[in-house]
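Note that chain A is present in both complexes that follow, paired respectively with chain B and with chain C.
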Partner chain A sequence: MSFSVTEPSPRQKWIAGILVVGYALITMLPLLWIVATGFKSSADSIAYPPKILFEPTVEGYVNVFTTQTRLSNEMAQEPRENLPWYEQLVREKGNTIVGQSRYTERFFNSVIIGFGSTFFAIVLGTAAAYAFSRFKVPLKDDLLFFILSTRMMPPIAVAIPIFLMFRNLGLNDTHAGMILLYTAINLSLAVWLINGFIDEIPIEYEEAALIDGYTRFQAFYKVVLPQAATGIASTAIFCLIFAWNEYALAVLLTSGTAQTAPPFIPTIIGVGGQDWPAVAAGATIFLVPVMVFTILLRKHLLRGITFGAVRK
Partner chain B sequence: MAENVIDRAARATPPLVAQKVKGLSDRAIAWIFVAPTIAILLAINIFPLIWTVYLSFTNFRVNRPNSDIEWVGLRNYERILGDPDVWITMQATAHFLIWTIVCQVLIGFTLAYLINKKFKGNDLWTTIIVFPMMLSPAVVGNFWTFLYQPQIGLFNYIVGFVTGADPSSFSMIGEVSLAPWAIVIVDTWMWTPFVMLICLAGLRSIPDSIYEAAECDRASKWRQFWTITIPMILPFLMLAVLFRGIENFKMFDLVVQLTGGGPGNTTTLTSIDLKREAFEKWRTGYSSAYAVILFVTVFGLASIYVKALNKVKQR
Partner chain C sequence: MAEVVLKNVTKRFGADVALENVSMTVPDGSFVVLLGPTGAGKTTTLRMISGLDRPDAGDVLIGGQSMAGLTPAQRNVAMVFQQYSLYPHLTVRENLEFPLKSPLLKTPAEEIARKIREVAEVLQISHKLDNKATALSGGEMQRVSIGRALVRTPTIYLMDEPLSSLDAKLRADLRIELKRIQSKSGATLLYVTHDQIEAMTMATHVGVLDRGKLVQFGSPREIYENPVSIYAASRLGQPRINIVPASLFGGAPAKADKIGLRPEQIVQGEGEDSLVTRVEHLGDQTRLHLNYKSHELITVTDAHTQLNEGDTVKIRPEKPFYFDAQGDRVA
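== the complex of A and B ==
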């Protein structure tokens, strides 16, 4: 390797590496603690000093998916051998399962609303971004800036008129209402990001296609779309994560049928007091998909979180 | 540019090929493509905004739909701006904003500077550091209340372990003096990676040749840092501050889960206060005026800031 004045010395690299790894480990601690607490028994979860080594149990996971009640005396006497493993686990704590909890339902609400709003935001956003990028749209810059400025509103401020509007239209606490709302919010992100991605595709490709006899529409979906596919895919993941994580509007506009997981998870309580292993189990299942997406996204991360303002 | 692609293509091609360029006109396609987006934005963004402005001049209350809506002029605005409680929440918001930005810029920049030393595996560790930022603030914020529990909480235990204090002797979210810092700590934990990523992009955009030239002129490393690194990274830092500023001015989910605005009013940020007025006291007209004030504030400050940012960029 040739000598370079800008290349840090091996010693500098070591020090930098140790400091960064140290920070990473500290910053991961709360997340690791969530995962670990999910596998603790309720006694272990509130032990002092906090337990790092413990006997893992799936109690928390059973609790988050079920509703339970105290065992009656007769039931406590029953033989347990023939019961399913989760019922045995619960009975050891003196409880019995009486039904499914709302968690699964809330989780799938998140999935439906997340994917639904992402789909519409991406379809509409791609079309609008293509038009903004390739055609002369009157007031283009103003429109783009306006689209961005809608994100500056505090969500609670947005919620006031939306709440009234949805109430008049019967959209409060419905999947359709939430999908519509998140689509509108994600559209701004989608238009901005995809606009940037399409701008990067040389216009000559399309011109060549047009000369070859493609119509404008064919040129769009046969030339531009495949070129922009990775960009659109990462934009979609950003939209999905936003809808997945959104709390303020969800907590105000949904209460039952269409409630998503973020407003629900903090309300998980067990038999007698907050059941932290169950909360942690519910949180783990909810957070892990986002971590996987983060790894997939790492190349476009910066662009997504800054609305395309910083490209790398 | 884009407007006359067809024209250019048509001019450049023989008549036979040009005949094949048909289908919808560009103008029609542009409108078909943009119209749905504009329609949704009009319905979900513009219309509600106008409605909010209208409501802000009335005494409308959602929970009393049958009483007459009375036009009260600027009374809502006067009441909000004259209310000492509102100013207390503004102060709480300012405290939160300033300290989160200071902490995040310092830690985020330092991390980016270290990662830019390009040690082995820096990509992997960057991705790990980024995790907290991508997660649901409400869910994570809720779990932090567990970490902050006196005695059994991990945070208190570690602080006790390091400083020798009794872990059950303090409650980060229960004490008036500590709660404002409790929310700063969690927000910093969550969003430092954001500032770090932007700084990292800034550092990587500085060409090596500038440092090489400085080295030829025998500028010390210290001097290189202050005369090359800092000025070149300033636009990036300012952008990061802009984003964090807007986001934290809107802050709701994380803090409402952590402290719920308490104890007392110590962590009642404006969004939390607004939520109480609008959805607990149901003072719709009043809270609409509140929302308009917040929007004008954030929009005004952001516009001034962007002007400053552009000046720095042009330098």
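== the complex of A and C ==
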């Protein structure tokens, strides 16, 4: 029998495994609930006790993308065979589709604002972090602390001044305004995280590139960026998750053209009563982009989080 | 290739003086070796010339041109770093191509391929060209890092202990190879090492640095045969020069405090008795550890000597070096 102080025993591995799986199940439960509710009928969604097994339907998904009205008596008599499947589905409930809902629009607002602000936070954050890491910045430590201090209160605490500023600048309910706001909030996180990653990259690589005939900017682009890619990717995930999920400021500052999905989804009201399956369907679709983004960058995320933490 | 001149170069890092008023001329086509222990200012000298650091005072001239304010790229120097500094995200081939593809050189593709083939051959890394730079052994990394300099034709090659982590055989091969490349191409080379065999075999000139000061500059023979101080004398010679009080032997000049004796400056079989304390057979030579009036001396004797521990042997100094109390040469 070999014995190692660092390698866990099979029993320890089992216990760790059970704990991890248990924790994962608990955190997954609300998600499963939402996904399941999205495929329930209105009646099933509010049934008590909750139905674990139910007959799936895509009603919720049809409802979330459409606006509907009650069928008139004449329309109810019309033959339904030639109608598209979603219209048939809606007519069975005594409704008819009269147009597209605003969900798609709000969803794309979220995409534009979420990815836009992430892009700017990463570009500006990388530039600032590189400067902090490599140049003699006067009052460097104080500046870094000041940048971090912007995160020491919840962003909503400054909602009213921001609201007033935005009103005066005409930024209320604009894409530019929301991108600006989320970039500003994410920037401190981006500077701090990326600064840590760039600090880990020995300066000798850049010196070698300078000697090899490259300018400082080219050395940054060709040598530092590829090595910092991991850290930048994981920072991007954090920034996107924040901007994508942000609710409070979005409620306050957007109402129409630039409204993102989070404040919109709870306002989905069906024809007669809150349409929970539609809300759940909207939430499920809303989860997809950030999930795909995270899965694509997952390998970087795991490496990134541990990599930046180790100090020499 | 060009002549490189340092004029009264001073560099401080905080309170530490890394270089103090160093003036030195590296002639065009020469192979200059800088010797000195850690902290003597060898690497700092290379960094001054390369432009990675700027002197606090003084000037660096390459080919007669002042380099003040010029970036490393504009100076067109090649440097081999002590820590290799291979780009970890690139393959060996991409590492070697990197300087050739710079905006400075923009080498055509066929020429890049040809140069890399040549250099990889010389450095015995042809079979590793498509490996990731991080998947190499220390010695291989060091060779790639030398290769990254050799693919270029810069004004000067700067090398910071380029052979330090190679095994003995490879080091001997590359020593000869580097010297061959340098004398064939007429390249100017400034080379930092701790290894005195490298200094003796490759250098046309040796600069001895001591705590930021250039104490002696000359041919290796000159420094070996005519050192200016105990410090300079101790840099070259294997076994090291023996330093003992001058009064131990007669005939010392008035100001002399210490006498320096290289093995060949100790004549055996004449003079006064000394006790053999140890005999080291190294194959091609035999080292004798002697006790002379309770001072330790090390010298070299015939490889097939019959002397044993406990024997006595007569010795006397022959044209020794005399140094004053500060360690400076007086005779």
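By our rule, the second predicted complex is superposed on the first by the 266 of 312 C-alpha atoms of A that agree within 3 Å, B and C clash if a C-alpha of one lies under 4 Å from a C-alpha of the other, contacts with A are read in each partner's own complex, and residues count from 1 in each chain.
Assume contacts are C-beta pairs under 8 Å (C-beta built on N, C-alpha and C of every residue); 3 or more make two chains touch, one makes a residue touch a chain.
Being a predicted model, the structure only gives us computed values, none of them experimental.
Trainee: Mind working out whether A:253 is in touch with chain B, chain C, both or neither, as first, second, both or neither?
Mentor: neither
Trainee: In the superposed arrangement, which partner chain does A:16 touch: chain B (first), chain C (second), both, or neither?
Mentor: The answer is first: A:16 touches chain B but not chain C.
Trainee: Could you look at A:215 and tell me whether it touches chain B, chain C, both or neither (first, second, both, neither)?
Mentor: Both: A:215 reaches chain B and chain C.
Trainee: More residues of chain A are touched by which chain, chain B or chain C?
Mentor: B
Trainee: Who does A:97 touch here: chain B (first), chain C (second), both, or neither?
Mentor: Neither partner.
Trainee: Kindly classify A:286 by the partners it touches after superposition: chain B alone (first), chain C alone (second), both, or neither?
Mentor: first
Trainee: Determine, under the contact definition given at the top, whether A:205 touches first (chain B), second (chain C), both, or neither.
Mentor: Second partner only, chain C.
Trainee: Looking at the overlay, what does A:236 touch: chain B (first), chain C (second), both, or neither?
Mentor: neither
Trainee: Contact-wise, after the overlay, does A:113 reach chain B, chain C, both or neither (first, second, both, neither)?
Mentor: Touch partners of A:113: none, neither chain B nor chain C.
Trainee: Would you check which partner chain A:226 touches, where first means chain B only, second means chain C only, and both and neither mean what they say?
Mentor: In the superposed model, A:226 contacts chain C only, not chain B.
Trainee: Is there a shared patch on chain A that both chain B and chain C touch, and which residues make it up?
Mentor: 207, 210-211, 213, 215-216, 218
Trainee: Residues of chain A touching chain C in their complex?
Mentor: Interface residues on chain A, with respect to chain C: 202, 204-205, 207-216, 218, 223, 226-227.
Trainee: Could you please specify the touching residues of chain B with respect to chain A in the complex?
Mentor: Contact set of chain B toward chain A: 2-3, 5-6, 8-9, 12-13, 17, 20-24, 26-27, 29-30, 32-34, 36-38, 40-41, 43-45, 47-49, 51-52, 55, 62, 107, 111, 114-115, 117-123, 125-140, 142-144, 146-147, 151-154, 157, 167, 189, 192-194, 197-198, 200-201, 204, 208, 211-212, 215, 236, 239, 243, 246, 249-250, 252-253, 257, 270-271, 274-275, 278-279, 284, 287-288, 290-292, 294-295, 298-299, 302.
Trainee: With touch defined as at the start, can you tell me which chain A residues reach chain B in the complex?
Mentor: Against chain B, chain A makes touches at 4-6, 8, 12-14, 16-17, 19-21, 23-24, 27-31, 33-34, 37, 46-50, 124-125, 127-128, 130-137, 143, 146-147, 149-165, 167, 180-181, 183-185, 187-188, 191, 203, 206-207, 210-211, 213, 215-218, 220, 241, 244-245, 247-248, 251-252, 261-263, 265-266, 276, 279-280, 283, 286-287, 290-291, 293-295, 298, 301-302, 305-306, 309-310, 312.
Trainee: In the complex of these two chains, what residues of chain C are touching chain A?
Mentor: Going through chain C, the ones touching chain A are 50-52, 71-73, 76-79, 81, 83, 85-89, 98-99, 102-105, 148.
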